[in-house]
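Labels run A, B, C, D and E following the written order; every chain starts at residue 1.
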Amino acid sequence: MVIGKVIGTVVASRKEDELVGLKLLAVAPIDLRTGQVKDGGVVAVDSVGAGVGEVVLYATGSSARQTTVTQNRPVDATIMAIVDTLEVGGEVLYQKD
Amino acid sequence: MVIGKVIGTVVASRKEDELVGLKLLAVAPIDLRTGQVKDGGVVAVDSVGAGVGEVVLYATGSSARQTTVTQNRPVDATIMAIVDTLEVGGEVLYQKD
Amino acid sequence: MVIGKVIGTVVASRKEDELVGLKLLAVAPIDLRTGQVKDGGVVAVDSVGAGVGEVVLYATGSSARQTTVTQNRPVDATIMAIVDTLEVGGEVLYQKD
Amino acid sequence: MVIGKVIGTVVASRKEDELVGLKLLAVAPIDLRTGQVKDGGVVAVDSVGAGVGEVVLYATGSSARQTTVTQNRPVDATIMAIVDTLEVGGEVLYQKD
Amino acid sequence: MVIGKVIGTVVASRKEDELVGLKLLAVAPIDLRTGQVKDGGVVAVDSVGAGVGEVVLYATGSSARQTTVTQNRPVDATIMAIVDTLEVGGEVLYQKD
């Protein structure tokens, strides 16, 4: 999985039927060694009630479809968890308020 | 999924039988933080009636085959939605006319 | 899928039984915005009778196994089509002779 | 698979039900030619009792779900082994104490 | 598939049961246009009796599990063939002795 920060939202009215009702969030990856947001990013389906500004864990590829919300849907990135703490090298890089 | 802009079209007369009838579009990824087109890109199958110049959402890998149009076909990138709005950091980076 | 140019051939006599009889081609990706060959590339199985010098479309990952030729074989890149025309930004970047 | 070093831990209380009970570790890839930690990295599920500081082997994609611990779960990176020795070019780059 | 050179070996005594008995090799990718070893690389399972110094073809992702040796195992990279000849641009870049 990748740790990322939810940086935005995507709205799309014309879409595959199987995407209807899914919340689409823009997520930027976080550097595991500095805790800073990096370049790149994906649009992920939310399965845990995440919101803009939160640090999350998302899975990609076929693993993104192994949830009740995304099963058999054309989804290749899904937010699986909201991160409470990221600790690297004995240091807390991120702590949810 | 990836947000990209449809920048062109691909025509191929000699191809796998399972690709016959699919519309092939060249799509360049869009930087989620600036809204600008980036280097790279893929040729994706269209499943929503997208056209050149539109901003779209596409899925890759096995997820690209989870649509009625692409089921069991040798397709690894499919356009799933036409984007109306991309909002990042509280700012609208893209808004469909 | 990726647009690439067939730049060479690979011969391997000691191999998995499931690869016997498949034609292996070296393919370099083409930049969708300039039409030029880029760094990188893969060894893909040919399913459409492509030859060195041709511009082709190849699929990767599990999608590469969704053809009669590659079904259930340990193949992660398959040439699916020979490109006739690549048009980007209203300009023809490549046209097969 | 990728050789990496476990550099940290991730705690997430709000998450997909299928992730409950799994240990999440931050892993940075190791350069196979120098033995040094590189940029990048993933959050992987531990299936072998690995700890911070250990050098491990992890699998990604659907292969990450081919273990008893991760079967059918939304997991795209799993630590599969703890490395004892990495030998490259006739030189021992890493040796577990 | 990717052409790479076997540059080393990996030993891991504590590992997933499904990995027991598999030979793990460090493989660095080869640039298809120069024939030189590049940065990066993976740890791949050997299915053809490859050894250090040999040039091989390996598959990644779910395709790496489509062999008798790796079926249903948590393996995401498998050596599928030993390369005899790599010919690019009409020139022989590599020829096995």
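What we mean here is this: a residue touches a chain if its C-beta (ideal position, glycine included) is under 8 Å from a C-beta of that chain, and two chains touch if they have at least 3 such contacts.
Computed from a predicted structure; not experimentally measured.
Least-squares overlay of CA atoms from subunit C onto subunit E yields a rotation of 70° to the nearest 5. Comparing the residue numbers each copy contributes, subunit D and subunit E share less than half of them at their mutual interface.
The mean-CA centres of subunit A and subunit E are about 32 angstrom from one another, to the nearest whole unit. Averaging C-alpha coordinates per chain places the centre of subunit A 20 Å away from that of subunit D.
Residues of subunit E found to touch two or more other chains are 61-62, 64-65.
Chain contacts in this assembly form a single closed ring in which each chain touches exactly two others. Passing around the ring starting with subunit A, then subunit B, and so on, the chain order reads A, B, C, E, D.
Subunit E meets subunit C in the complex at residues 1-3, 31-33, 47-49, 57, 59-67, 78, 80-89, 93.
Those residues of subunit B that touch subunit C in the shared complex are 7-16, 18-19, 24, 26, 28, 39-44, 61-62, 64-65, 72-77.
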